[in-house]
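Each structure below appears as structure tokens.
Next come two complexes built around chain A: one with chain B, the other with chain C.
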Partner chain A sequence: MTKTNAAGKTRRQIYEDRLRRRSMLIAGGSTLAVFLAVVILVPMAPGWDRVKASFFNWEVFAKTFPKLLEAFKLDVAIFLWSAPAIVILGLLVALARDTRNPALFPLRILGAAYTDIFRGVPVVLTVYLIGFGIPGLGLPRPWNSPYIWGSLALILTYSAYVAEIFRSGIESVHTSQRAAAASLGLSDADSMRFVILPQAIRRVIPAQMNMFIALQKDVALLSFIGPVEIFRQAGVFKSLLANFTPYVGAAVIFLAVTIPATRYADYLMAKQNRERS
Partner chain B sequence: MAKITLKAVEKRFGDNTVCDGIDLEVEEGQLVCLIGASGAGKSTLLRCINLLETIEDGEILLDGEDISLPGLDPQPVRRRIGMVFQSYNLFPHMTAAENVMLAPRRVYKKSRAALRPEVTELFERFGLADRMDHYPDQLSGGQQQRVAIVRALAMKPEVMLFDEITSALDPQLVGEVLDVLRLLKESGMTMVLATHEMGFAREAADKVCFLKNGKVVEEGAPSALFVTPKHPDTQAFLARALK
Partner chain C sequence: MFHKVIAATALTALTTSAAFAAGHCADGKTLTEGTLTIATGNPAYYPWIMDDAPESGKGFEAAVAYAVAEEMGFGADKVTWVRSSFDQAIQPGPKDFDFNLQQFSITEEREKMVDFSSAYYAAPMAILASAEAKDTAATVDALKALKWGAMGGTTAVPVLMDTIGPDDMPLLYGDNADVTAAMQAGQIDAALFDLPTALYLSAVVVEGSSVIGQFPADRTDNPDRFGLLLEEGNALKACVDEAIAALTESGKLAAIEAEWLQETTGVPLIK
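Here is the complex of A and B:
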């Protein structure tokens, strides 16, 4: 029989309770120490008052925040029309790179070249080149819009990454699944569509979510070619008010979207790891 | 004419010769067991018959027709030859019934509604009636393997290949899968089975082939091969396997 004390706990439980209390105490103490150090030490810096006035000015923040939020709607819109295009193009490129049909070999090379090029060039450069370059051809309205070509630059860049993630998912499905599908007489296309892809896509959803969180932030790069989205709007306020607080406001808005999304992606990833083990 | 005829089949992986001139005949309705140590070439031979592997030399005939012809479309052949794998290989994202219906739906263009009665009947026949809408990870190993057998049968194959289908199972689950094989044999299915289940081979097989290093060392009726093996390699293998 197990020995228990008055509270009905085994000696193992008592021991583990004590350990848990101790580690909570240490964690709480060290967190408090770091926090106090920051709060006390940073304001002791010689330029703190100036930084506070120009980055953390509450009046400016309250005045500009609603307008920034308004401008952020444009970021969301650009994100919303780019994301589905990225999923589709990324999937097509991944499939092109996986094809074994010799007639489609050019597609395979093209797919490889595409992912190499667009993953190799900084996003902001692609935005500049496509966003300024193509309207420079003197296209009639609305085809000279920076919205179209800026979005295209994002779509092309992100599809390259998304395609590689899809491809890694396709390759992670064990060959025995392909063998089983083939042994049933399924065609290669059917085997991909019904057996491989559904498993591959499910596996890469957390990784793809991280890509789309990054995309949400990179929409701000379009400000360089014209659209007055949140980053550009913050820049306008900065010049108008000679104060950097609008940038902090913009950062707050981005964080409000990206932190929950990141937490959710981490949660999905952890859940998947648990299921696989 | 034999249902399946193998003539001097040779299969190499690089420098490694896995099937080294294998001759084999399987008559209609026969159950042929391939026995031998792991790596003897049993599984590879089955994969070659199902055209999952291409052979370097020799011929494989199905009803006298050469199915190992280079350049032949393998899909129509695979529909006639069902295969079941050691690790079940069910599609994990589909229910048992969806696993079974996928190939008939896509290949024979039948609707789910049209397939449901015959698929239900198959599930009932193999004691899986209440498991149709379960996902593979909700099934025991024995149930998964029986679903895999049902999945292959749903294509109405003329021949079934079984690749060590009980090797991954807990001992108490082996029996239920072997019962399925007995049922199939009664129905007249032509079957080739790579197996380590010597007791089953001895009791149910029409012919047993002992393979070693990619060659058929000895073949014969189980009553002969298990009782009076002639070749010293067969004797040594059986002495160890039957201990």
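Here is the complex of A and C:
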């Protein structure tokens, strides 16, 4: 801690206080200026009234918001049953890519091919191909449900990303730890389970949080193959009312979930950085 | 002989003055002076526009567009086609078309945001049922139990919810192709379309399907009436309305309908 002498603050502290006050004033001033510019200048644009009626129509917003909220429950449900599957599959793929036993080499190839393919194809294409393609093979109901196959498409795609993040976590644990575990008599499986993975998973949690925030938004892609979740519901209202406000309502609902989640991920990341340094 | 000449001259004078009058109506109100820019969907579907080529004038809406243009004093060579999605048609700001036709249903809510011409076609809603479900009785009670689908961006959705009220939440799709894909994948039993589209899909796209019923016009509080979509407050609306009124009166609209849209009387009404 800095020492304060009897005469009060040191000259250096006074100088630093002044600097801090000054930068806070500038930050506050510039924020206010930008805010005022947006609030005053945007409505002065000639098309503002039309844009306002079409995107920020309070009447439409109030009418459609409760139904959008209702439809959002479906998004949450799809997210909740997909997320655990993604964690498990992602971890399995990461482990498959990390096998060192020569006999299991095909597993490594498969793991690599899997991540290459599913990371390389846009999610919406995977949703279409799996969501319409597999049920088209002639599965009976309820096994051809778009919920099942759409969720599977999300799970396959996101597992590929999650697997790569897990793998980077596993590789970030220094090889000397494997050697140490082996010298203690732990088998390969045990050293992975008790030594490597606990550290690896902890290190990648913030990065995985970001994947799940992205997943939360991509759940809306399932609307392409039928489920009436929030994005489709907003689209229906948009068409019926010829007004884009329902999309703004949907965006508000998404933000209400993703902003806290993002802040939490940031917090975890900052905490981890503090612990490391 | 002399009489004939007079009559012919009079007739020519009459037609030219009519053309002039129409020309005056649209004068200076179109996007580009002297040409009429018409928008349609991308892709545009049979039987509304044949082979996704509106320039050919083939298909119901392509023919209507050229007839309206002619009535307003624009020859076929003065018509330019552009493509637009539904969203582009309703977004605020200047439009890149004079009018847009792609089976837009006229509704009160939409009228608040854009302008519609008077209707050029009134389509009953009809049910396309998959091969497995095509023997379902055309009664509301029997239909409730089916697994329903529809295109999300159409007035089929409120009609479906209000008049049938399916037991299961219907699945909604982005366009007709996706609805039929879902039907072929066995994910839905039935879907609601306007009648001409339903007839086309059952005949050409979805194997084994059939149109099992149509809603009588008085069943829905407003039957689907298709209008040309114009930018809100577009001065051209009066001219377009005038042209459609003239086409209706002369029977030309009915002739175009008879030429391009299938006979729709064979489909039973839903009780």
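The rule is simple: the second predicted complex is superposed on the first by the 270 of 277 C-alpha atoms of A that agree within 3 Å, B and C clash if a C-alpha of one lies under 4 Å from a C-alpha of the other, contacts with A are read in each partner's own complex, and residues count from 1 in each chain.
FYI, a residue touches a chain if its C-beta (ideal position, glycine included) is under 8 Å from a C-beta of that chain, and two chains touch if they have at least 3 such contacts.
Everything numeric here is computed off the predicted structure, so don't read it as measured data.
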Chain C versus chain B on the shared chain A, clash or fit after superposition: fit
Touched partner set for A:G136, first chain B, second chain C, both or neither: second
Partner chain(s) touched by A:L255 [first = chain B, second = chain C, both, neither]: neither
Partner chain(s) touched by A:Q177 [first = chain B, second = chain C, both, neither]: first
Which of chain B and chain C A:P227 touches, first, second, both or neither: second
First, second, both or neither for A:L241, with chain B first and chain C second: second
First (chain B), second (chain C), both or neither touched by A:G185: first
Partner contacting more residues of chain A (chain B vs chain C): C
Partner chain(s) touched by A:P198 [first = chain B, second = chain C, both, neither]: first
Which superposed partner A:N144 touches (first chain B, second chain C, both, neither): second
First, second, both or neither for A:G47, with chain B first and chain C second: second
Smallest distance from any CA atom of chain C to any CA atom of chain B, in Å, after fitting: 49
Chain B and chain C footprints on chain A, overlapping residues: none
Complex contact set, residues of chain A against chain C: 47, 50-51, 53-55, 132, 135-136, 138-141, 144-146, 223-228, 232, 235-236, 238-244
Parts of chain B lying in touch with chain A, wherever the complex brings them together: 47, 50, 52, 74-76, 78-79, 81-83, 85, 87, 89-93, 102-103, 106-107, 148, 151-152, 155
In the complex with chain B, residue positions of chain A that touch it: 176-177, 179-187, 190, 194-195, 198-199, 202
Complex interface listing, chain C residues touching chain A: 86-87, 90-93, 107, 109-110, 112-114, 147, 149, 152-155, 157-158, 169-174, 178, 181-182, 184-188, 232
